[in-house]
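Below are two complexes that have subunit A in common, paired first with subunit B and then with subunit C.
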Partner chain A sequence: MVERQSPLEPVLHPGSHGNFEHGVEIILSETRPGSILQLAAWPGQEKALMAGIRTVTGLALPDGAGGGVTDGVRSVFGFAPGKFTMVDEAEGLASAFADVVTPSIGTVTDLSHGRTAIRIAGPKAEWVLAKFFAIDFALPAFPIGAGRSTMHHDVFAQIQRTGADQFDIYVFRSFARSFWKALCHASEEVGYEVQ
Partner chain B sequence: MLITCPYCGPRDVIEFTYQGDGNRQRPQPASQNLDAWNAYVYDRLNPAGDHNEIWQHSGGCRAHLRVVRNTLTHEISSTAFARGDHNSVARHRAEDKS
Partner chain C sequence: MSPRRTETGGRIDRLRTIRFTFDGAPYTGHAGDTLASALLANGVTLFGRSFKYHRPRGVLTAGVEEPNALVTVLRGEVREPNIPATMVEIYDGLAAMSQNRFPSLAWDVNAINQLGGKLLSAGFYYKTFMGPVVGPLKGTRFWMFCEHFIRRAAGLGKAGTAPDTARYERMNAFCDVLVVGSGPAGLMAARAAADQGARVILAELEPHFGGSANWSGETIDGMPAADWAARAAGQLEGHDNVRLLPRTTVWGYYDGNTLAAIERVTDHKETPDKGEPRHRYWTIRAKSVVLATGSLERPLVFPGNDRPGVMLAHAAERYANEYGVLPGHRVALFTNNDSAYRAALALKKAGAAVVAIVDARPELSSEMRKLAGETEAEIFSGHAVIATEGGKALSGFKVQRFDMASGALSGDARSIHADCLLMSGGWSPTIHLASQAGAKAEWNEALQAFLPPKPTTRQWIGAGAFTGSFSTAEAIAEGRAAGLSAAGATATPAALPAVGAAPGDPDPAPVFEIKAAGKSFVDFQHDVTADDVRLAHREGFVSVEHLKRYTTLGMATDQGKSSNIPGLAIMAEALGKPIPQVGTTRFRPPFSAVSIGSLAAERFGDLKPERLTPMHDWHVANGATMYSAGLWYRPMIYGHPGETIEQAYVREARATRESAGIVDVSTLGKIAVQGPDAAEFLDRVYTNMFSTLAVGKARYGLMLREDGLAFDDGTTWRLGEQDFLMTTTTANAGKVMQHLEYFLDVIWPELKVHVTSVTDQWAGAAIGGPNARQILAACVSGTAVDNAALPFMGIVHGEIAGVPVMICRLSFSGEMAFEVYSGAGYGTHVWEALIEAGKPFGLVTYGLEALGTLRIEKGHVTGAEIDGRTTGRDLHLDWMLSKKKPFIGSAMMDREGLIAPDRLELVGIVSLDNQPLNGGAHIVEELDEANPHGSLGHITACCYSPALGKYIALALVKGGKARRGTRAYVSDPLRNRFGPVEIVSNHFFDPDGSRMHG
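This part shows the complex of A and B:
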């Protein structure tokens, strides 16, 4: 397999940055998952698709809008009615779904090369993200595993909470470098580390 | 202005795209009823009060929504998925015959 190039490469500088004299409160990293899929169910086939996701990955999606789950290696969350984003550290997840998500259930779209995954973690993660997106990042309103789709200006973003202080953000690859720079600027005042 | 998306919850209006008057009825594509086409393209109620509208949550779940907005106060009194409307081909055909 050809090695994938990251759009963040020219701007991703590992180390501590900004106002970190009093400690680092944000950790930014690119997770570079091998597979990013969009799974969509035809109307009425949502349950069949969720069962298919469980068959392939073992992840049991909760009911309800924006519900999701992660096991650290694979993650899935709903971002629209009947539509899910499915992420795996390994490549080749689309072919695993090909036989399970049949044309009568829905569609599988491989976005692995089209999205960039950015992880923001740390005690100020909620606070920094609140500067970008007008949604509620508090834990009761945005539980672990849940997903949200929203936008920062014209940068469409899908966000999954993968820990109490950790969020994975999926943005279009072509917007990723600009979005990363904006995240760095927003994190400067609390001190951030790039890993 | 906040619009409460049935999937995403309350979101700022900046995430939404206005898709036009929700009262108009599109005639069947093959229809030659010129009055029906004229009404679809040009006739608008322009009410001072509650107005049926179609919005798309383009900066979120991308669902099309049926929204009732008060044109005087911008109060949103109801939101629902518009999906069911688009599937009701039979309804459009029935109205076209009248």
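This part shows the complex of A and C:
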């Protein structure tokens, strides 16, 4: 099996960086999920799609914009009306959905190569992300599991909160290296570890 | 001990000595000092020179409103001008310079400007820079010559030219309640809101929270007010729902309760910590805002009021109480209100002699008489200061009996010896942010001040001196109520901290100016005098807006914080109108100066993100010269040692035609078009038919804009019955995506189609040339690639080196060519496998230059020709304009102007003098190098064609098709290139397509 190449390879330097006066307050990593899918429902078919997601993954999506859920292996969140980003550690999830998301419900688009997943964790995760995005990252406003679509200048990003102080960010692969460097730069003042 | 440092007192750290320089001279101060307080402590009274007249100026205030004491702060080679010395926290190694003087602050040659008072009066610029309209200098550049020297003589500090190496960052914050200002009102508001569970941000422009509590000398809750404030701030710091932002100026109030603030993170440090930004630009989105921004003391306008040593009363009080500095040893006070008596008493307690209290009011209250008695000063009620004495420092002043009602002076003038004169003309609430938010200020006759209106929504709520409630007890009560209200709670009675304060009536006498001989300054920073304001009135400027612009009153870095109201009052008197009828100007952001670096924030030095293809690192490692194409980086050439760019691309293009070449096409826009109505949608989007396209086949498509002009082109592949992969040009990928989304969302919402950018999902390699098919055959498994299995525009799926690939046979180069798509993560792996398979065939990698050469030879169009002005017909793509169906642009493409015979049409150009052609060069019928004219069109793309052995180009030329076979000229006067050309078909090479069809 050929291993997928990450766009971050030349710039992902494991170890500790930045200012450690108060210890390491950020942990950055690339999660490299096997599958990243976009699942999109036709108007009126949202519930059917959510049911399909539950059938395939066991993940029960909450109602409401930006709702999401994660079990640590698979994650899903809404990023636009009737549209969801579905992530799995394993490859091949697209084929699992092919029979469930029928043309009458919606579409499945495989973006496993097209998006790069970057995880930012630690007590200063909200602080560092606030440098990039005009989004309220406070836990009550952005609960665990929930997702958001946003931009950092030219870089489109989808963000899912996967822990109290942990966020998974999905960016276009071609922008990933640039975004990673910006993320490291922004994390310097609080000290960060790359895993 | 410094000459003016008190023995005790102040909130400075006397155990920490700080060393700094001012104009190169070494000084010391203490931690907690500002540059202003430290210099005053060292006996420095001369801080700067004024804008126009170069008059000596001292420090007028102790805060952000300082108009006089502006300095340039140096950090290495970087210089930042126009910083108020009152806002510079000293640190070891601080180097500050005075401004607008030559050769030195003490001896400034431009001080001669003081003799030219009439010449430099209001409107000087407008009257001067018009130039002579008669006489021998009319029509010459003489006044431009003069302007250079005039501009040198007038001004503030000079910006540096060294690159700023500091780091700046942007922060986004959200909160329930933003409290601006941390005096007693702000602290109470923050605490009340926080206690309700609201998320609170408290922003304070000073280094320490507490505002006036830090220097008022009052007591709150039985303790010194400063200690109370420190305790209150400490308590807030312990709340998880409170963010404290010291050194943070909220400078802009925008729609939707979005506020802008600048946090000066490291300006007070010798060196920043690793990764620490100098400034943070905060964008704060608040559900509600408490404005507790306090008030600003006003100067009085009288002759010589700008002499160093004349200072606002509260500023002197602050220097004494907060910094342990006496601004003078023999101090006098000139006031129209009670608040200044507290300042006189503070200086007395700090060790100064208070020699006189001059009050414009005829009668003093018994409470003020008692306070004045404690200062042991001689009291001059019903008097005014009519002149000051001294050179670069105050030595004394003159007082005369003054009738407040008429403004008349009478009796003999008396001289009084003093080295510091405190003045107070009342207080103006700091209503800037409310004004920015749209609130129209209301004049309060009793307070002689513009107040914010009562808010009608919870958008913002005022508290404390901001509302005109000048006592600390009122501030505390209003602050709590505002905090509760902002948090959505109802105010309930509660025991409030008791305040111990000097008595006083907050209402000043309506005295703004003492009219006597000499220059009386209204706007200290821009050297605007009371006479300038009256001159503006005499010259017909009746609107306060015009007054501001004509006199420049209220402009520059302080934005008239101390001058607006006195200037307005003088204008109102000249007009014979009450102040509220004259009105006031609307404040605009920023409240105070904001660094450009903070606005650029993280984009400073890093303007745009880089967009890289999956094979980027391979290209760099294998000698590619990369260049940017939009945000993308793409190989230009893979040059060999010693090759020019032209030699490299010619070699690459020639090798491709002779054997095979491979190019990275991952940047092409790729859009998944999916759904039951996908084919119907494409029929509407493209000019040609796609619903007839078979699964497993691709088709070239052209899109028009709604106005009928060409928009973009590319191939679209049918991967399944309801599943298409659209490719677009690299440059237009985003625009096409928006275009499709717009039509699906707005025009045809009934269509069941999803569009998704999959540009980054796929790595793309285009391999072309006579041997391309053999190379593929050598490395592809799982599918045949022969003509039967993979005809022109056919698509097959297979594997290369264990990786699934999708191959489409299509050609941009005109050769037998294939686009090989794989998952982006496998891009380099597949690319290397293709390279390896191509080695026996001499496969070359080629860059954008060769790509351009191959397509020019074939006459294929790109964004250079689809330039927003051309139609499908102009580009000879008539055959693609379906007559069987409507499509976007079809209703408009036959407009008269779009089918006119003299439109620019695509042609080929051949250089007849064997010299290179240039993009943008004009094509003309008659060559006239001296007077180039008569353009027929222009060159869009050019190259040396190895296939033809000539310099060729594509061009858009009037009636181009009919001109094929004719001679013309290239005329490029900018690059001095003139020469004969032949106009030919755009299809230079293999016009019947035999090579790509095989």
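Just so it is clear, the second predicted complex is superposed on the first by the 193 of 195 C-alpha atoms of A that agree within 3 Å, B and C clash if a C-alpha of one lies under 4 Å from a C-alpha of the other, contacts with A are read in each partner's own complex, and residues count from 1 in each chain.
The working rule: a residue touches a chain if its C-beta (ideal position, glycine included) is under 8 Å from a C-beta of that chain, and two chains touch if they have at least 3 such contacts.
Predicted model only: the values in this text are computed from it and were never measured.
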With both structures placed on chain A, which of the two partners, subunit B or subunit C, ends up touching more residues of subunit A?
C
First (subunit B), second (subunit C), both or neither: which does A:Ala98 touch?
neither
Check whether A:Arg4 is in contact with subunit B, with subunit C, with both or with neither, and answer first, second, both or neither.
second
Check the residue A:Ala134 against both partner chains and state whether it touches subunit B (first), subunit C (second), both, or neither.
both
Determine, under the contact definition given at the top, whether A:Thr107 touches first (subunit B), second (subunit C), both, or neither.
second
Partner chain(s) touched by A:Arg115 [first = subunit B, second = subunit C, both, neither]:
second
Check whether A:Gly66 is in contact with subunit B, with subunit C, with both or with neither, and answer first, second, both or neither.
first
Let me test your reading of the model: by the given contact rule, A:Met151 touches which partner, first (subunit B), second (subunit C), both or neither?
first
Determine, under the contact definition given at the top, whether A:Ser178 touches first (subunit B), second (subunit C), both, or neither.
second
So the subunit A residues that subunit B and subunit C both touch are 134-135
Under the stated contact criterion, what part of subunit B meets subunit A in this complex?
6-9, 11-12, 14-15, 59-63, 81, 83
Touching residues (chain side subunit A, partner subunit B) in the complex:
43, 65-66, 79-81, 83, 134-135, 148-151, 156
Looking at the complex, which residues from subunit A come into contact with subunit C?
1-2, 4-7, 9-10, 18-19, 21, 38, 40, 42, 103, 106-107, 109-115, 130-131, 133-136, 138, 141, 153-155, 172-175, 177-179, 182, 185-190
Which part of subunit C faces subunit A closely enough to touch in the complex?
169-174, 199, 273-277, 283, 285, 602-603, 606, 608-614, 617, 631-632, 672, 674-676, 722, 752, 754, 756-763, 801-803, 823-829
